[in-house]
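Shared chain: chain A. Partners: chain B in the first complex, chain C in the second.
Coming up: the complex of A and B.
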């Protein structure tokens, strides 16, 4: 058996071991890779920065630990963005009963991070509301569009140890119908974003933070204007972090070339985030993703070349 | 046990479970099976409790039985309506699917759900595809050749890239953009429309496509579809890698660092 034949018969477990070794190694060296964010990510960031702080943001958090690698980065970015702009928000899930708990864990961690940086900590019932789980996304979104107060009737918030109706809190006090919300953002790894667009896109601006698997199916909604912005997969996580650090059309020190350029939104400057963390999980994973993809491409090339060489040799021997 | 020790134990259990589940890459063992069953059991148990606590209790039980006021927690009294009890037998009928003799009953709740869903579909269909069909109608013939590309609404002022400061001139440029189709836009739109039409034509099965033009469009559509599927597959591969990277980060960054700091 020559080298090329041996190369074709490498045990898959060896390939897994190589992948894990390089992925772990890559995590020790996070690098800020210059990137041109996707237009859909730029729209997302620009729309978030335009939000009115007086209006509440509705977050449909439909992700769980099964897509932690992408969705957690998305959710962390969203929290950092909203908290840096003092925007109140409500979160709930219409897809998975586990989803609200995963979101709670992230909010607690981001609050701790902000506390450590001397920034204002978001208080449940005052700055944000946790509505828990609503089964059946179709019925939930339809009801929200028809009558938000009726759809969320009976949900309570705990403020200073006392149970209060969510519509009596500062978060939802001024909200009578879904049109009163500033934005709805769906963080998802499934088609729950399609359901939300179908039922609510005419009533409230919707944006998405989705996984790489869902992304290609969601892009037509962005191109048709049904979604105002969407960040897709790990690239989307890093896109948003990169814009949080550098803004859009903002030249460092007022000179030279802007790190992120965009002629959308009339080419206006969109400022970076000036408090708390900006480059975080996306930065850490994005470089490692490149290492993993290089390995994959090498394995595909190696497999094809060795197959070609082995066949050629067999032909010569015959 | 202090908070740091608790954190260390919690993350260590997570690491053991991660390694246990990844052991399937070596071979399917009892270790893998053990952690798989724990995962399934936890997910099922959690779903049961969360569904009751977040949904059934508030939206059904309390509405049926009502509840008394509680001054200590600030809870207000709520009147109960017994009509909500009618939902229980309808829901339970779904479980009759396990009974051979009476499984026809399970079709009643299923029929209600299907009816509600079907009733929404006409409006849903249009709300999904209507704006997309509209967005597909793009002009492919340029209306001006004064400039090949769209004029910029930006200007460099004091070294900064800003929208044109003169409001009247900005309005004029925006007006030009709105009223004209520039050559670069037309070309971009043409690529989009050609891709759309050719990919769409691939799904014409009602009659045989003959002639070089029609078969050419059909073949072009197939190529476009293949490119699209390739892009989707690439995106999916990246998503899967993201999952591996996250689990490795859990071990390398979260667990190892907590361990090295002694649980801090």
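Coming up: the complex of A and C.
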């Protein structure tokens, strides 16, 4: 039995050990890797930076820890972006009862991070609202489009120790219908974004922060303009972080070449985020993604080469 | 006949669909609704089996009707219904629009009931397994113990936060009590981490499958592998940066701008825009047409599966 035949019969545990070793190793060496963000990520960042601070953003947070490698980075970036622009937001889930608690944990952590940096802490009931879980995404999104006040009627927020109707808070006080919101952003690892687009895209601009698996399925909506921007997978997390750090079409020191170039949006400059953390979870994981992809490509190549070599040997023996 | 009296839009206080919280009317309606619900359940249980299919078909049709009508009926324009009496067509439009919310909420409530049915079924099946000491009944015991512990701790955490902490002091872990700590340990410390660990196992299967199963045996497999390779390489920022700079340099050196098309990002975007997205759109069209046909068959009671008694 030669090397290639042995390679074909390698124990799967050896493959698993190689994966664990290289992937875990990558986590300890976060590096700022230059990247050309996807056009859909550039649209996402550009649209976020154009948001009117007077208008509330609706966040449908449908992810849980099963996809935290991607979705948590997306959600953290979104929080940092909105908080750096003083934009009020509402979050809820229409896909998973666990999702609101996962989002709450992230918001608490980002708030602590901001507190440590001497930045303004977002206050529940004043700067953002937590509406919890709505079962049945189809009916929930349809109702939101039909009559937002009726769809969210009865939900309360706690402000200074008192229970207050959410429409009596500074967050939703001026919102009478969904068209009054500045943007709806769906953070998801499932097709719940399709449901939202189908029911609400005509009424409110929608953007997405999705996992790599869901990404290809939502790109037709981006190409058709039903989705204003979408960041996909771990690369999408890093794309957004890289733009938060460097902006779009912004030349360092006003000269030379911009780190992120884009001819969309009439080639206009989109400024970077000037407060708080920018490169974070995406930066930490992006090197690991490189390692994992190289391993995957090597596995495919090795698998095929060993197959061809084994066949050749069999042919020679015959 | 003036249908606007039925509309929540017409009246900001009370209407047929909505009673004021705490009002006597609300409690009367709750009582009537409860009695009506039990009565309907009793009557449903008495329905002969040959008629049950028609009960299911009728309820399915009624549940879908507001959504279909809302889509097909001309949308009423915004108007002050207190001063401008809409014409009959518009009145029906308003009524249909107003029905969407209660019907939607009803389906939400039904989904809540389904959760209850699921819990009941889970407990019943596993209790029976334990009672009969069936094979692997130990796992059933673990499941029930975990279920009860998680529910108790979660409920304890929720009640302390909702009713005993108006100032939000429990947002700081220093002030946590037993239930808060236990919930954090079970939910954040164990459940959430296991959730993430389970999903991450996919990476192992993908690597193993890439090594053993992804074989170039045909032209189609070769094309697919080449496309996948370009898209995967495009995910590596370090590589696209180096490759892109090399192509830029070469294009500048030779003056041949056509070379710029061979940047990894360009090739990946071309593949996405001209191959992947049209293919997905075509699949979506097919799925959409299939869903429409299936939806119509279910709504009109033409589908035998799922509605038989």
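Here, the second predicted complex is superposed on the first by the 318 of 318 C-alpha atoms of A that agree within 3 Å, B and C clash if a C-alpha of one lies under 4 Å from a C-alpha of the other, contacts with A are read in each partner's own complex, and residues count from 1 in each chain.
Assume contacts are C-beta pairs under 8 Å (C-beta built on N, C-alpha and C of every residue); 3 or more make two chains touch, one makes a residue touch a chain.
Being a predicted model, the structure only gives us computed values, none of them experimental.
After superposition onto chain A, the modelled positions of chain B and chain C overlap sterically. Within the superposed three-chain model, A:105 lies in touch with chain C and out of touch with chain B [touch as defined at top]. After overlaying the two complexes on the shared chain, residue contacts for A:126 are found with neither chain B nor chain C.
In the superposed model, A:199 lies in contact with chain B only, and not with chain C.
With both structures placed on the common chain, the touch criterion links A:279 to neither chain B nor chain C.
When the two structures are aligned on the shared chain, A:297 is found in touch with chain C, with no touch to chain B.
When the two complexes are overlaid on their common chain A, residue A:35 makes contact with chain C while staying clear of chain B. Touch criterion met: A:134 reaches chain B and chain C at once.
Of the two partner chains placed by superposition, only chain C is touched by A:150; chain B is not. Of the two partner chains, chain B is the only one touched by A:288; chain C is not.
Under the contact criterion defined above, the residues of chain A that touch both chain B in one complex and chain C in the other are 16, 19, 23, 66-69, 98, 101, 134-135, 139, 142, 154, 161-162, 216, 220, 223, 233, 235, 289, 292-293, 296. Those residues of chain C lying in contact with chain A across their complex are 8, 21, 67, 70, 97, 100-101, 103-105, 107-108, 111-112, 115, 166-168, 171, 187-188, 192-193, 195-196, 198-200, 203-204, 206-208, 210-216, 225, 229, 232-233, 235-241, 244, 265, 269, 272-273, 276-277, 280-281, 284.
Note for the complex: chain A touches chain B at residues 13, 16, 19-20, 23-24, 26-28, 66-70, 72, 97-98, 100-101, 132-135, 138-139, 142, 154-156, 161-165, 194, 197-199, 201-202, 211-213, 215-216, 220-221, 223-226, 232-235, 249, 251, 254-255, 258, 261, 263, 266-269, 284-285, 288-289, 292-293, 296. Chain contact summary for the complex, chain A toward chain C: residues 10, 12, 15-16, 19, 23, 33-36, 38-39, 64-69, 98, 101-102, 105, 108, 124, 134-136, 139-140, 142-143, 146-147, 150-151, 154, 158, 161-162, 216-217, 219-220, 223, 233, 235, 238, 286, 289-290, 292-297, 299-300, 302-304, 307. Of all the residues in chain B, the ones that touch chain A in their complex are 25-26, 43, 46-47, 50-51, 53-55, 58-59, 62-63, 70, 73-76, 78, 116-117, 120, 124, 127-128, 131-132, 134-135, 152-154, 158-163, 170, 174, 228, 231-232, 235-239, 241-249, 251-253.
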